[in-house]
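Two complexes, one shared chain (chain A), two partners (chain B, chain C).
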Partner chain A sequence: MDVFQKHVLRNKYLQYLLVGALFLIPVIFPGFSTSFLTLMGGVVYLAIAGTGYNVLLGYSGQISLGHAAFMGLSAYVSAYLTGEMGLPFGLSFLFAVLAPFLVGLLLGAIAVRLQGFYLAIATLGFGEILRLIFIEMDWFTGGFSGSQAKYPMIFGARLTKEQTYIGMVVLMVLLMMLVYHLVNSHTGRALIAMKNSQHAAQAMGISIFKYKLVAFAISSLFAGISGVCYVHFIRYSDPTVWTAMLSLNLIAQVVVGGNGTIGGPIIGALVIRGLPDLLKSTPIIGEIAGIPVLLSGVLMIVVLMFYSKGLIFIPAGIRLALRKHILRREREKGKGA
Partner chain B sequence: MAAFFQNIVGGIETGSMYALAAMGLVLIYQTAKLNNFSQGTLGMFNAFFCTSLFRAGVPLLVAILLALVFALILGALIDTVVISGIKNISALGRQMITLGLIMVFQGLAPMLYGTNPFSFSKMISASALDLWGVKVLPNSFLIIGLTCALMLGLYFFLERSNWGLAVRVTAANPMTAKLMGVPIRRVTMGAWGVATALGCLSALMVAPITNINVSMMENIHLNSFIASVLGGFQTFYGPVIGAFIIGVANNLIGYYISSKWSLAILYAFILLFIVIRPNGLFGKKTINKV
Partner chain C sequence: MAETIEKNVTENAASEKVLKVSNLSISFGGLKAVDDLSFSIDRGQIYGLIGPNGAGKTTVFNCITQFYKPDEGSILFTAKDGRTHELTRLPAHKVIRLGLVRTFQNTEIIRELSVLDNLLLGAHSQFTSGVVSDMFRMPWARRQEKAMRAQALEVLEYIGLQRLAEESAAAQPYGVLKLIEFGRTLLCNPSLIILDEPAAGLNESETQTLMALIRGVSRDYHCSALVVEHDMRLVMGICDRICAISFGRMLAEGVTSYIQQHPAVQDAYLGKEEA
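Entry: the complex of A and B
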C-alpha cells in the first residue's frame, strides 16, 4: 500500500492525467448537452490562461492586468490568419502565440522599473491600448461586430466541437506538466526567490531583469495559447470579452484556487467561470436576473474570508484537523487511564 | 481659440468625475493599503438606489442626499464586515474580496431594480451660457464647482483637523499609528464610507450622459485608476490633478490629433511617463529596507 501510495498516488504526472480524464467525462459519456460542453470549454481555456498567470503571480510575485488583452491578441491573429489569409492551422497557431509572447517581453521590460500597484495599473493601461486597437482596427478585428473563426483544421480534416474540446484538454494537461517542470528547475527556483525578496535574490546573483522577462514571457505565451483555444472553440471574438475584468478574473481564479500551486488555477477556473454559468442554466435560480453572479460573488468572498490560502488546500486542512482531533482524543484517553 | 477653451472646459467637467472617483480610491489605498476594484460598481449600485427613491416620489435633492448617506453607511459596513474584520489573509486576497464585491453588487442591481437602464435628468436643465464664445451648461458649472468645493473641503479636513491627522498618520504607517493610539479601524471605516459616497456622487454626475445601467461606471473607474497612477499614489492631491490632466488631455488630443485614437494615444503617453517616472507626477520614491 505504501509503495502504491508513494509511486502512483503521489506521482504528479498521473495526477495531471487524472484531472484531464475528469475533464473528458462530458465527451466520453453520453447524456451531456452541447451547452454543457461549451461551458466546460470556457473553463478549460481559462484554466490554461490561469496556469500561465500562476507562473507570473503565484511563483514570481508579479502582477498584470493586461493578460486578457494578450489572449484577445492571439485570438484575433489566429482568426485573421486562418480566415482571411487561409494559412494552415498549425502555422497560424505558431504566429498567434508568438504575438503575445513578444508583447509580453515588452511588458516585462516595462515591469522591471515598476512595482506593485503601479505595475498593475501600467499593465492595465497597456491592455486598454490593445483593446482600443481591437475596437478601431476593424479591417483586422471586425471592430465591434467581431471576428469569426472555424474549428481547427488538422491534416486536412476539420475537427468537430468534441474533438476541439479534447484537444484543449490535452493541451491543458501538457501545460500543467510543463509548469511543474518549470517550477522545479533552476528557472523556477530563481522566480520563487524573486517573489520572496528581490533584494535577496539579487544578492544571490539572480538577474531580476532576466527573470521578470521570463515570467512575463511565459505567462503571455500561455495567455496566447488560451486565446487561440477560445477563438477556435467559441468561433467568435469581439472586444467586449478582452476587458480588464477578465484579467481580474484570472487573478481571482489563481487566488481562490490556490496561489502558487499547479492545480489551483484549474479549480479556480471551475469555481469562477464554471459555477456562474452552471447556476445560470439551473431551473429556478437561473431565471432570476443577477442571482447566479450574486451567489458566485458571495461564495468567492466567503472562500477568501475563511480559506484565503485557496480551495486546493482544503483536503490538506481537513486531514490536519482530523489528525489533531485523533491526537487530542488519544491524549485524553491516556489521561483517563 | 474658442474651440480650444471649449475642449478644456469639457475636459475639466469629465476630469471632475474622474477626480471624485480617484479621491475615493486613494483614500482607501492610503489608509487600508488595498486597491478597491469595486468602487465603480458600488457607485453604480448607489445611483440605482437614488433613482429608485426619486421614482418613488422623493424630491431629487433629498434622494441624492439619502443616497449619499446610504453610500456612506454601505462603505463603512463593507469595511467592518468583509475587509478589516478578517485576519490571516494576504494583501492580494483582500483585494480579491473587492472583486467578489463587484460580482455581488452586479448581481444585486438587476435583481432589485430590473434589467432595464434608468434614465436620469441633469440637476440643472437650463440651456448653455455663452461666455466669450465658449458654451458652458450651468450643469457643468455645478459639477465642476461641487468637485472643487469637495476637494478643498477634503484638503482642509486632512491638513487641519484632528481626524485628518489620524488619516495621514495611518497612511504613513498603520503599525506605528496603532501603537500611538490612533483608532485605525475607525479611520479605515471612515475612509471606506467617504470613498463610497464620492463614488456615488461621481456616478450621479455621469448618469445623465450614460443612463444608469450595470456598466455605467466602467470608463470612469478605469480612468480614475490611471489618473491615480499618473498623479502618484502616495499623495492625496496627486490623483486629483492626474484626473483633470486625463480629462483635458483626452479632449485636446481628440480634437487636434484623432478622435478615434485619442484614448490610446493618451494611455501610451501615460505609460511612457510612468516608465520614466515610476512613482507618478507627485509620488515619492519608497525605499525598501532589506
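Entry: the complex of A and C
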C-alpha cells in the first residue's frame, strides 16, 4: 500500500493524466448534452490560459491585465490564417501562438521597470489598446461583428466538436506537465526567488530582467494556445470576449484554485466557469436572473476568507484537521486512563 | 556573457589579492557614507570590517556587490582562473559568476522553497540549461539538476543540516536560516564570501558553530571571507586582518592584534576620554 501510495498516487504525471481522463468523461460516456460539452470546452481553454497565467502570477509574482487581449490576438490570427488565407491548421497554429508570444515579450520589456499597481495599470492599458485595434481592423477581425472559424482540419480531415475537445484536453495535460518541469528546475527556482526577494535573487545571480521576460513570454504563449483553442472550438470570436474582465477572471481563477500550484488554475477554471452554470440549472435559485452569478461571487469570497491559499489545499486542510482531532482524542484517552 | 567579462579583464594575473578596493567613495544626498576607502584581501584570508553603527560597513558591501554603484574608486576582483575584473562595470547579478557571493544582514531566505532548494538557488549561476530544455526536462538539464542536488546535499551535510533538506524554509528558526544562507554561498564555487553580520541574533553555541564554519571554509573551499560583525569576540577570533572604519573613513587597518591595541579604534568604540 505504501509503495502504491508513493509511486502511483504521488506520481505527478499520473495525477495530471487522471485529471485529463476526468475531463474526457463527457465524450467517452453517452448522455451528456452538447451544451455541457461547450461548457467544458470553456473550462479547458480557461484552464490552459490559467496554467500559463499561474507562471506569471503564482510563481513570479507579476501581474497582468492584458492577457485576455493576447488570447484574442491568437484567436483572430488563427481564424484569419485558416479562413481567409487557407493555411493548414498546424502552420496557422504556429503563427497564432507566436504573435502573442512576441507581443508578450514586448510587454515584459515594459514590465521590467514597473511593479504592483503600476504594472497592473500599464498592462490594462496595453490590453485595451489591443482590443481597440481588434475593433478597428475589421478587414482582419471582422470588427464588432466578429470573425468565424471552423473546427481544426488535421491531415485533411475536419475534426468534430468532440475530437476538438479531446485535443484541447490533451494540450492542457501536456502544458501542465511542462509547467511542472519548469517550476521544479533552476528556472522555476529563479522565478520563485524573484517573487520573494529581488535582492536575494540578484545576489544569487538571477537577472530580474531575464526572468520577468521569461514569465511574461511563457504566460503569453499559453494565452495564445488558449486563444486558438477558443476560436476553433466556439468557432467565433468578437471583441466583447477579450476584455479586461477576462484577465480579471484569470486572476480570480488562479487565486481561488491555488496560487502557485499546478492543479490550482484547473480547479479555478472549473469553479469560475462552471459554478454559475451549475447554479443556473438548479431549481428555484437558477430561475431568478442574476442570482447564480451573485451566489458564485459570494461563494468565492467565502472560499478566500477561509481558504486563502486556494481550493486545492482543502483536502490537505481536512487531513490536518482530522489528524489533530485524532491526536486530541488519544491524549484525552491517555489522561482518562 | 563571456564577452562582457572578457572586456572587463585587466592584466593582473599574477596577483595574490582576491579583492582590491581603492579610493572607494559614495554619498547619499550630500552625506558621505563611504569616503576614500582602500583595502585589499589576500586569497584564503579572513578579513574583518568593523566600525560603530552607521559607520558605512553595509554600504561598503553593497558597493562591492554592485547593489550600489560607487561614485568613485575601483574594485578589482581576481577570480579563480587568475583573471582580474573591474566589478563596478558589472550589474549586480553577474558578480556571483566570478565567484563573489554575499549574505544579508537580516537573511534573505526564500520562505516558499525547501531548505535544499534554497541552497540550490546558490548554484543558480552554475546552471547552463535554458528555459526550454528545463521545460521539456531534457537529459542534460536533468543530469545537471541531479549533480547540483548532490552537491547541495554535500554542503547541507557540511553545515550539519542534512536532515532538514526537504523541510520548508519558512518553518526554520532564525539560527538555521543564518546557516542556510551561509551554506547557499558555498554552491557557486566561491572565491570570496561576503558575510554581513553573520552572528547577529545567534545564541552562544550557534555563534561558536558559525565561527568554526567560517574558519573551515578557507581551508575546505579555498576561498576568502570578508566579515562585517558587531560581535567582537567573533571578529577577533576568526579574522586574519581587520579594517576599522568610522563615518565612512578608515581608522586603522592591520593584523588583528594591531587593531585590538589601536587607540583610534578604542576611541571610536568606547568614546574618547576627556582630557
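Note that in this section the second predicted complex is superposed on the first by the 333 of 337 C-alpha atoms of A that agree within 3 Å, B and C clash if a C-alpha of one lies under 4 Å from a C-alpha of the other, contacts with A are read in each partner's own complex, and residues count from 1 in each chain.
Heads up, the rule we're going with is that contacts are C-beta pairs under 8 Å (C-beta built on N, C-alpha and C of every residue); 3 or more make two chains touch, one makes a residue touch a chain.
No experiment lies behind these values; they were computed from the predicted model shown.
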Side-by-side fit of chain B and chain C on chain A, or clash: fit
State whether chain B or chain C is in contact with more residues of chain A in the superposed arrangement. B
Just checking: does A:200 make contact with chain B only, chain C only, both, or neither of them? Give me first, second, both or neither. both
Between chain B (first) and chain C (second), which does A:308 come into contact with in this model arrangement: first, second, both, or neither? first
Determine, under the contact definition given at the top, whether A:185 touches first (chain B), second (chain C), both, or neither. second
Tell me the contact category for A:126 with respect to chain B and chain C: first, second, both or neither. first
Thinking of the overlay built on chain A, is A:90 touched by chain B (first), by chain C (second), by both, or by neither? neither
Once the shared chain is lined up, is A:260 touching chain B (first), chain C (second), both, or neither of them? second
May I ask you to decide whether A:248 touches chain B, chain C, both, or neither, giving the answer as first, second, both or neither? first
Shortest CA-CA distance between chain B and chain C [superposed frame, angstrom]: 8
Shared contact residues on chain A for chain B and chain C? 197, 199-200
So, in the complex, the side of chain A touching chain C is made of residues 178-179, 181-182, 185-190, 192-193, 195-197, 199-208, 214, 218, 260
If we count contacts the way the header does, which residues on chain A are in touch with chain B in the complex? 57, 110, 113-115, 117-118, 120-122, 124-126, 128-129, 132-133, 136, 197, 199-200, 243-245, 248-249, 251-252, 255-256, 259, 288-298, 300-301, 304-305, 308
Residue positions on chain B within touch of chain A in the complex are 29, 35, 37, 82, 86, 88-90, 92-94, 96-97, 99-111, 114-115, 218, 222, 225-226, 228-229, 233, 260-261, 263-264, 267-268, 270-271, 274-275, 278-280, 288, 290
Contact footprint of chain A on chain C as seen in their complex: 65, 67, 91-97, 101-102, 104, 108-113, 117, 120-125, 127, 129, 131, 134-137, 141, 145, 148, 184, 188
